[in-house]
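To start, I am sharing the structure in question, which I have written as structure tokens.
The chains carry the letters A, B and C, assigned in the order they are written, with residues numbered from 1 in each.
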Amino acid sequence: MNQLTRGLLGFSAMAACLIAVGVMQSWTLSFTIINMCLISAVMALGVNIQWGYAGLFNAGIVGFTALGGLAAMLVSTPPVKGAWQAGGVSLFFSLLALIAVVIAVNALRRYIPAGRLRSVGTVVLIVGGFFFIRYFYAPAVDAIESFDPARTGFLGGLGAPILFSWLVGGLFAAGAAWLIGKISLGLRSDYLAIATLGIAEIIVAMLKNEDWLSRGVKNVSGLPRPVPYEIELQQTPWFVERVTNFYAAELPVDATARAAELQQKLIEASSLFVKLCYTGLFLSVLLLVLWLAYRAQRAPWGRMMRAIRDNEDAANAMGKDVTRRHLQVFVMGSAVVGIAGAMMTTLEGQLTPGTYNPLRYTFLIWVMVIIGGSGNNIGSVLGAFIVWFGWVQAEPLGQWVIDHGTAWMGDGHTLREHMLENASHMRLIIMGTVLLMVMRFSPNGLIPETNRQ
Amino acid sequence: MSTDTINALVLFANFILVPGITYGSQLALGALGITLVYAVLRFSNFAHGDTMAFGCMFTILATWWLQSMGVSLGPLPTALLALPVGIAMTAALVLIFDKLVYKHYREQKSAPVVFVIASVGVMFVTNGLVRFIIGPNDQQFSDGMRFLVRARDFKKATGLDEGLTIKLTQGLSVVIAIVAMLMLFYFLQRTRTGKAMRAYSDNEDLALLSGIDPKRVVMITWLIVAALTTLAGVLYGLDKSFKPFTYFQLLLPMFAAAIVGGVGKPLGAILGGFIVAFSEILLTYAYKKLIGYVAGERPEGLVQLLSTDYKFAVSFMILVVVLLWRPTGILRGKTI
Amino acid sequence: MSLLKGESMVGGYGKTRILNECTIEVDRGEIAVIVGPNGAGKSTAMKALFGMLELSEGSVTLGGEDISSLSPQERVTRGMGFVPQTNNVFVSMSVEENLQMGAFTRTDDFQKTIDQVYELFPIFGEKRRQPAGELSGGQRQQVAVGRALMTQPSVLMLDEPTAGVSPIVMDELFDRIMEVRNTGIAVLMVEQNARQALEIADTGYVLVTGQNKYTDTGAALLADAEVRKTFLGG
């Protein structure tokens, strides 16, 4: 079976599944799944750029996703003026202090020759600098966090259109990736994995604990949307008219019943319409990233990347700066993940730092990439659809299987109760098994890469 | 010595020294497992934290069963009696995974990163098993005597303001860790099989040439790793509490410990375990009271360098410093 | 009948044929040296004899018995010792442990063999507890040879033992190798330093493109003007 057939077959099967959900469960659910599939696909693409083009293992996807989410919140939320007045100035000073310390450390390391003096000096400067920054930072944080903590207690954001945040999210993630890549690339390959695992944990911890910035576990909800609200739609004449016309034949004749039925249909239709708007937006991003990735792959740059991946030593010998290229790819891939993170927070309309779980993000995305076919972008997209669909549907399915499988034990049986309670964790086992099976028996994934010899 | 100085010392011992040594021993046992897998099988095992959880889980289940049968060890936690069950189950788990997963990639001579990704798959499955069997929540399974030294008794006996508490589980952690480490080093340095393991780790081709059986080395490594991992998991669980996600999070400090000491070097893993543990505690401890005793006046604020929420950031910082300054680790482990 | 004999060996890596009907033999108490230009297949011939390369034609016999189908490990137990060119010691293990690992397959008491090796290489006296990685290049080679001797082999094979060591160390090594020969062991070496190696060789093989070009005693090859001109640089 060639690639095209495999791809077509995969996507047709996926479409059939989603249509089945639409018909049998509901179209709203179907599009909810599609939207998350699209976001996952963008993430998987970002990871695939790193893994497929350069063989880099990023174990910190959740961190870059969270940075994207933070960007969405910071861009879209209106600024909290009171909080700025309370702590803005000191916070600004602490930022200045931070910059001063960084400059001082750099200067020290540049002008003093390597040796004990330099090492001791660096440590002293960093420790001293830490207290220096804290001197401004701590009161600033206290002031901000105590400003109307029930409703705000944070600085808020820029109050700009949330779509703009998708770019910012990419930039945030790129910045973090640059830092971490600079430190750990060029060393043993698994150091990058461990370092990214670490940075992700720290980013998530910051989001949870730096209330002045992100409100922490108190969440920031009600982020402005890039698409219309359901309530508004239900009162927009053209929308009401469309819906009325669409259902003209089905609606009952009796006026009261008709109004009630129409209201019901309006609610359903508006919710679906909003989902469709998101689908359009996400699909555009996905296609754009796919197109860019495709272009890059065809360009001399892509050929060089493959050359490096397939034989690092030879590429090195030919004078290619492998570490630099790896850094480039790592930053780009992480930026794409950041964009997807911002998209996800946009879709959810709230920033919930407590939900960034590495098992759910980092490792699930990896399953998508490996299943789809390492190095193949279309494959990653297909992998994202299949895995996300499976992830969502496995829970009710697992519940159902266990419910029926243990029915003979009778209600109230301890084992049955226990299994029902923990059924959702079966998903992890299934996903892990699928990952291992694909790696073992079909290492090229569903759609193998074309350019691999 | 003035009373203030003694109080300061007791305070230091109570909140930094004792917890540091305890946590350090637990991390060292965990990091030893990571290091052995790295030295012999040559990959960073992402499933290590969850394997720890798995071993601890079966120990807990066996403990509960023993408790329900009315068996107890008197002052010692019943879990010690249940340990062999945990170790046996973990050994079975890792050997099964080795046969089904890693063996194939060894034969293919796959790149290290492939092993790492495979270990992520193993982590997923193990994590799922643990959550499915025992659930994602906290479990307490410590019983027996709680304290070796009680703060109240200590204060009464010494007449100091500051008390010293040493929990039984803390003492056990240290003693068991020391015994396990001594046994491990005796095995590696003195026995024929242990030497063969070191030889295999040092130079695989030459080991084959010398007639060392790689299958046996790999199997024994996994068995030792299973024992160390379960011990680390149970001691940590007895001392704090058992929660699957916490064990996943221990991965970072354990990796940091293994790398700081020098990857592939058992002694380095132990050193690294204590470095990470003490750094974590020293950086997240609130020094207010301690400064009060030393300087005679208590400062305002807690004088805490980092909030405990960021304790994993400490491992990360150590990792970054080591990667920048000496990527082979303190005891010069393997690089590439 | 020689102790170890590779007869009309043909083989290579993948489709590339490196050995073309090459014949090498060595007997007890004898040093045989394989020399030749780069890419002549010297090391490949050695590997073929030791079973690290599959032969498409020809055979290897040890003491008259065909061992062509045995793995390297099995050949070790039959009495063949092999010292690879690089990575030939356990760098993190002490000299003594290196020797113990050499005797890994032995179930009898091998302390006597260790003492013999120490006698042969007196410099180990004070260094037996030192990690092999901390020794100098020449000393490491001696450890490597000592390790291979631990199985009490009847044939000792050395792949370029003097690669990268200084001339003084090379002489010292060759002295040791002659002592090994004098204990009745068959020694087969591949050497880049052809002239010096042929000086101690009982038999010399000059290989070119995987074929025997000249075969004679070491002294005769050294005396041969043609050989000198082409392979020994005049």
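As a working rule, a contact is a pair of C-beta atoms (placed from the backbone, for glycine too) under 8 Å apart; a residue touches a chain by one contact, two chains touch by 3 or more.
Predicted, not measured: the structure shown is a model, and the values here were computed from it.
Peer 1: Under the document's definition of touching, what chains do chain B and chain C have as common neighbours?
Peer 2: Looking at chain C and chain B together, no chain touches each of them.
Peer 1: Averaging the CA atoms per chain, pick out the one whose centre lands closest to the mean of every protein CA shown.
Peer 2: B
Peer 1: If you count the C-beta pairs in contact for each pair of chains, which pair comes out on top?
Peer 2: Ranked by C-beta contact count, first place goes to A-B.
Peer 1: So how far apart, in whole Å, are chain B and chain C when each is placed at the average of its C-alpha atoms?
Peer 2: Their C-alpha centroids are separated by 47 Å.
Peer 1: Measure off the straight-line distance from the CA centroid of chain A to the CA centroid of chain C, and report it in whole Å.
Peer 2: Each chain's C-alpha centroid was found; their separation is 59 Å.
Peer 1: Please compute the C-alpha centroid of chain A, do the same for chain B, then give the distance between them in whole Å.
Peer 2: 32
Peer 1: For the complex, which residues does chain C have touching chain B?
Peer 2: For this pair, the touching residues of chain C are 72-73, 76-77, 82, 84, 87-93, 97, 100-102, 104-105, 147.
Peer 1: What residues of chain B sit close enough to touch chain C in their complex?
Peer 2: Spelled out, the residues of chain B in touch with chain C are 192, 195-196, 198-199, 201-203, 205-212.
Peer 1: Can you list the chain B residues touching chain A in their complex?
Peer 2: Listed in rising order, the residues of chain B that touch chain A are 43-44, 46, 100-101, 104, 111-114, 116-118, 120-129, 131-133, 135-136, 248-249, 251-252, 255-256, 259, 301, 305, 307, 309-310, 312-313, 315-316, 319-320, 323-324, 327, 335-336.
Peer 1: Would you pull the chain A residues touching chain B in the complex into a rising list?
Peer 2: It comes out as residues 55, 57, 59, 130, 138, 183-184, 187-191, 193-195, 197-199, 201-202, 205, 208-209, 358-359, 363, 366-367, 370, 418-419, 421-423, 425-433, 435-436, 439-440.
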